[in-house]
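There are structures below to look over.
Below, subunit A partners subunit B and then partners subunit C, in two separate complexes.
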Partner chain A sequence: MGSLSLNYIVRRLLVFFLTLWVAATLIFIIPRLAPGDPITAMVARMSQQAGFVENADLIIEGWKERFGLNDPVYVQYLRYMGNLLRFDLGLAMARFPSPVSQLVSRALPWTIGLVGIATLIFFTVGNLFGALLAWTKTPKLVKVLIPMSMIFTSIPPLLAGLLLVYIFGFLLDIFPQAYAYHHSFREPEFTLKFIGSVLHHGFLPAMAIVLVTFGYWALGMRGMMVTIEGEDYMILAQAKGLKPFYVLYRYMIRNAILPQMTALAVSIGTLVGGSVLVEVIFNYNGMGTLIFTAIREQDFNLIQGTSFILIVTSALAVLIIDLSYPLIDPRISLEGK
Partner chain B sequence: MAAEAKTKTAVVAGGTKKAGAFNRFDNPWLNWKFLAGVSILGIIFFLIFLGNTFWDTSLALNASAPLNLPPYGMEYQKGKNTILVGVPEHPLGTENSGRDMLALLIVGTPRTLGVGAIAASVGMLVGIFLGFLAGFLGGWIDDMIRLATDITITIPSLLVLIVIQSVLGSVDLVTMALLISMFAWATPTRYIRAQVLSMRESGYVQMARLSGVPVRDIMFKEIMPNLLPYLAASYIGNMTGAIISAVGLEVLGFGPQRIPSLGVAIFFSIEAAALLRHMWWWWGIPTVILAIVFIALLLINLGLDEIANPRLRKAN
Partner chain C sequence: MSEQNNSGSDRIVLNVDNLRIHYATPQGDVIAVSDISFKLYEGETLGLVGESGCGKSTTAYGILQLVQPPGYIVHGSIEVEGTEVLDLTEEELRKFRWTGLSLIPQGAMNSLNPTMRVKNQIIDVIESHEGKANYEPFKDRLIAFLRKIRRPSRKEPLRKYLGEWQRNLTLLLRYEPLKERIFDLFQQVGLPNRIYNMYPHELSGGMKQRVCIAMGVALHPTVVIADEATSALDVVVQRIVAQTLVEVKDEIGVSLIVIGHDMGLLAQIVDRIAVMYAGKMVEIAPVENVYANPLHPYTQLLIDSIPSIKERKPLKITEGITHDPRNPPSGCIFRLRCPFAWEHCALEEPPQIIVEEKHEVACHLFDEQFEERRSNAFAAIANS
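Entry: the complex of A and B
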């Protein structure tokens, strides 16, 4: 890590914190741009449901005072930022009085696990397939089979999830249709049986993400490999009489993987968005399902909190990829020297 | 795939394919992926046109057709027996609240594509403007634009859109498209900036600059025409992304509820547990149509990539 240039780290950290600030500010401003305020809207909803609400004005005033909505906007903004820094996301209305942070901390590991493992699979498989597609020594049959496997590429994971859950969950009934583990487990536990159940339940959602994504990486990798095949050092490698596998790995894949890492950092945002929707389809116990529940129960606090934490997580993932990049590409750390 | 492409070019070239020989039919735009993608989209538009002419589109509205009708001429599971039932009036069946599925597709498909087109267009215009600005002017303007794109790309746009929409409630499709375009400018900006940067150093731009051509003319008369395939590929990619966002928001229940689009149909089907009830035509047909649209867009994009990048073309 000593070779990381300070300039690079500072710039990455700046982007990270600015991203969090922009996201937090957007989430603060958006509800305030809409006409009316949340309390009045809530009481209006209550009176719609119940027909009439006693002392509605008093309730509105009381809650406004309680939530500090009568303070000037900048005071509200500073207080909101202060709360976010302490990860105090308020209470969830839908499951009152659970704090949002508690619900989020229960759901987040599932989402990170699902997206993390799916990413690992599609990145490995995609790059491997892409490399094989471009390599001149690949068997003909493989070169025909790989493009056929990529037919689902660019379909949103949500639609793939729908098809998979119907075919494998309902028609063939070999995979469960919902939840992250079997309902006989009350709480997550650390047994082999539980882990097996988690893998069984997680397979389809992960596949929904992998199937539609890996082709994209294979195509990117293929493009890179084709570019590299034209480089002078490839001729040198051949002239040296190096073994084909050695050339493939040391000369081609290791060079081609670098832009793929950058592309991975760029695609995290889309990936998280897609996995949120996959979770909704599979009713997975993660952040996506939490947001969906919050939307249906019109629990704005929970929507805000969940979205913000997911944005923080994505930004963190991007930061980690960006910071690990100089480790695999020494040229970056020379930049600016 | 590669062999097929080769035979196609050979056929087009009239069988006179000789290594190194000049061939005036060897036009990069005669790329089979590009043409296949365009034809698929063309067929879809033609079918929509036919549907609008010959089918009663008002059947896409609530309660204009009988409820839960299974599709005609297709297998339908009832208990243990697989039976064929249905009526000619509703060839693709109807859904829970009495919308005719065929009418729903005719009305919904162009609306879904429209959202993508609007959002991608707005995003591209902003992207071209900012990309050229950053790539050509450099300095602190470039720094600011790069910072803004980095931040926008890092934030998962769907989440911010969810927050916005949960305040606004369900909105019409144009508003939805404009909301999506708030995030659709960043990727084109980054892409175009990189292309402009590399083109700025190329010989013909240097030549133009030395000849005293004004900056604006260098941008729009020298660089822009060379960027066209890249711009088109970027636009298609952007459109794919915008449709994915739109369908995602619709499936979460933020779409317009009265006149359906494909995503809204899927939302309703999930709400009504259509999966559990084996009403596959309700969510399945919109899903397949969307999948075909996405495959067509991908083919166009791949074709454009090969048109723009001779090295990729040679690899086939």
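Entry: the complex of A and C
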């Protein structure tokens, strides 16, 4: 016990693939519910710029034919699903002829890096602060300071982002206002200077996510800690004369963190969604910005591709947390029998 | 009745004097324990009984310095072998805990940390008090390990040779110097060795209780307090676990306080019984006296209310403590429910009257000057 059972893994994987299928279907349907289509939108844009496009109708028809948009919906759906199975996300319509997979593979690492590091920070800081808020031996000063640090919790990440850009990017001018790395680098490279630049650029967007999020985790953790403090084993731990710090992490945090892990798994989807806006504000070249432009340009293929990849990564993150759960909570593996 | 008569020792290991514990509430303090005093002798088992809410658990937690807020100790003195527990600093108290006083908790079901293996929960208490000094340094173990390396001989089967490697590697990497000691503890309380690596949820209720007993005696404390240690178990397991408790206690020679409301079970295992009522200790007596000849009117009613499996009899005692615990009645605390109460009971609080050695009772009836009233009252009871 305390390990994974095969049954549990299989069941969990089935849920994983079911999630992907439902998500893929939804992201196929939803863009098609909006009026208009990508080709018309693109040609309209072109004609706005040029004033007039000759044979616009013919161009639209030709491209629609080429992208298969004239086929019945179920044919489009089956072709889309078949392509997905082969990891073929098609060509971006608005940025023809770049394949969607190429655009995604350029943007995805940035988002994973940004959201991953932000998650790591707010989960650690949030839980630590929450634990300290509830712990009876925390210094009074800390207990006063922590709630004050949580004032950002009630504002949306969008506003926090704007505020941070204004203060640190514009007024103080210590952090860059946009992009993931300095424009003097034409391509990402593995040098210390480049990594430094990435960290420097990533700080504000990451902070925008962390500031508005960690308060929730701190409050959740505090609640769990208070519950744990009333448990019988806490009285015994005290009676045993264990060192207070050992009791804090081995008896309290260790048990209080379990529901927090579940909550993290559930909230990963929201998190990725929230990071889209932050990326757009900071013009960060990740998935958020990509998906934003894709929606603006009504690029079906790109919307489908980016959304699908985001869903795959979120579902994968949830899967990893779920599979690691029996390793964290020894009682869980019983369920897999 | 208790067979063992090791209450002979007169050395006092625990002396509780004038202990008072309140629970703060917005409507005023609830008096949970009201100026109680008692002594625990070396090697003795003392039973602490009373109704729910009479303050027996609070007394125990008071002695252990574990009264949870909003409870607090108002005044009193708790001396364990000459150490005044209330005067210890926080760090001194931490070190004193479990070596001086240990606890076998109420509801052992939830008293073990669910995310820690049984072994680690016993190891942590040993290590936090004795330190990791008994660990052989890794360097020495590595040298010993390297010395043991040899080439396989021709005739030797490969499996045997690899087995030796595995054993040596285990000794090097998973060195567990406390394993034998924990196995000894398991044996003392009748636990199988296989639970060493298990988690609490994999054990039965009786086993968890035994783990708690093993843990409680691991450091050979002066006094062990068992707080309703058996109340969550069925009668058979209850009896076995209680027996284990007494055996372990005799084996390592600690003094024991058993808190419970199961008078029948306590009769089997304790030497003396202290009866509490509404935060007061009304009678403390050798167990034979309490059952054969209870003196305090409350003790009499309590003994009378023990259900018999041979006959059905009506309940004489009314349920619950009747007065407001924030404003106890004047004089004797029990007078509102006492069948023998008279005017004098409201005037003066009865002192602890020593009727014979190790037998004290707090009731005016046993005052010399009310001799006549007592014989009349008891005669009336006997006639009815």
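One rule holds in what follows: the second predicted complex is superposed on the first by the 284 of 337 C-alpha atoms of A that agree within 3 Å, B and C clash if a C-alpha of one lies under 4 Å from a C-alpha of the other, contacts with A are read in each partner's own complex, and residues count from 1 in each chain.
We adopt the following convention: contacts are C-beta pairs under 8 Å (C-beta built on N, C-alpha and C of every residue); 3 or more make two chains touch, one makes a residue touch a chain.
Just so we're clear, the structure is a prediction, and the values are computed from it rather than from any experiment.
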### Query
Touching A:240, do we find subunit B (first), subunit C (second), both, or neither?
second
### Task
Using the touch definition from the top, say if A:120 reaches subunit B (first), subunit C (second), both or neither.
neither
### Greater subunit A contact set [subunit C / subunit B]
B
### Query
Who does A:145 touch here: subunit B (first), subunit C (second), both, or neither?
neither
### Task
State whether A:269 touches subunit B only (first), subunit C only (second), both chains, or neither.
first
### Task
Please work out whether A:73 is in contact with subunit B alone, subunit C alone, both, or neither, and reply first, second, both or neither.
neither
### Query
Counting only touches as set out at the top, which of subunit B and subunit C does A:10 meet: first, second, both, neither?
neither
### Query
Common interface residues of subunit A with subunit B and subunit C?
none
## Note on the structure
The residues of subunit C that touch subunit A in their complex are 64, 66, 68, 93-99, 102-103, 105-107, 109-116, 124-125, 128-129, 199, 201-202, 212, 215
#### Entry: subunit A residues touching subunit B - in the complex, by the definition given at the top
14-15, 18-19, 22-23, 26-27, 30-31, 33-34, 134, 143-144, 147, 151-156, 158-159, 162-163, 165-166, 169-170, 177, 219, 222-223, 226-227, 229-230, 266, 268-270, 272-274, 276-277, 280-281, 291-292, 295-296, 298, 300, 303-304, 307, 310-311, 314-315, 318
### Query
Which of the residues in subunit B end up touching subunit A in this complex?
1-2, 147, 150-151, 153-160, 162-164, 166-168, 187, 240-241, 244-245, 247-248, 251-254, 266, 270, 275-276, 278, 280, 283-284, 287, 290-291, 294-295, 297-298, 301-302, 305, 309, 311-312, 314-315
### Query
Considering the complex alone, what residue numbers of subunit A touch subunit C?
1-2, 231-233, 235-244, 246, 250-251, 254-255, 258, 328-331, 334
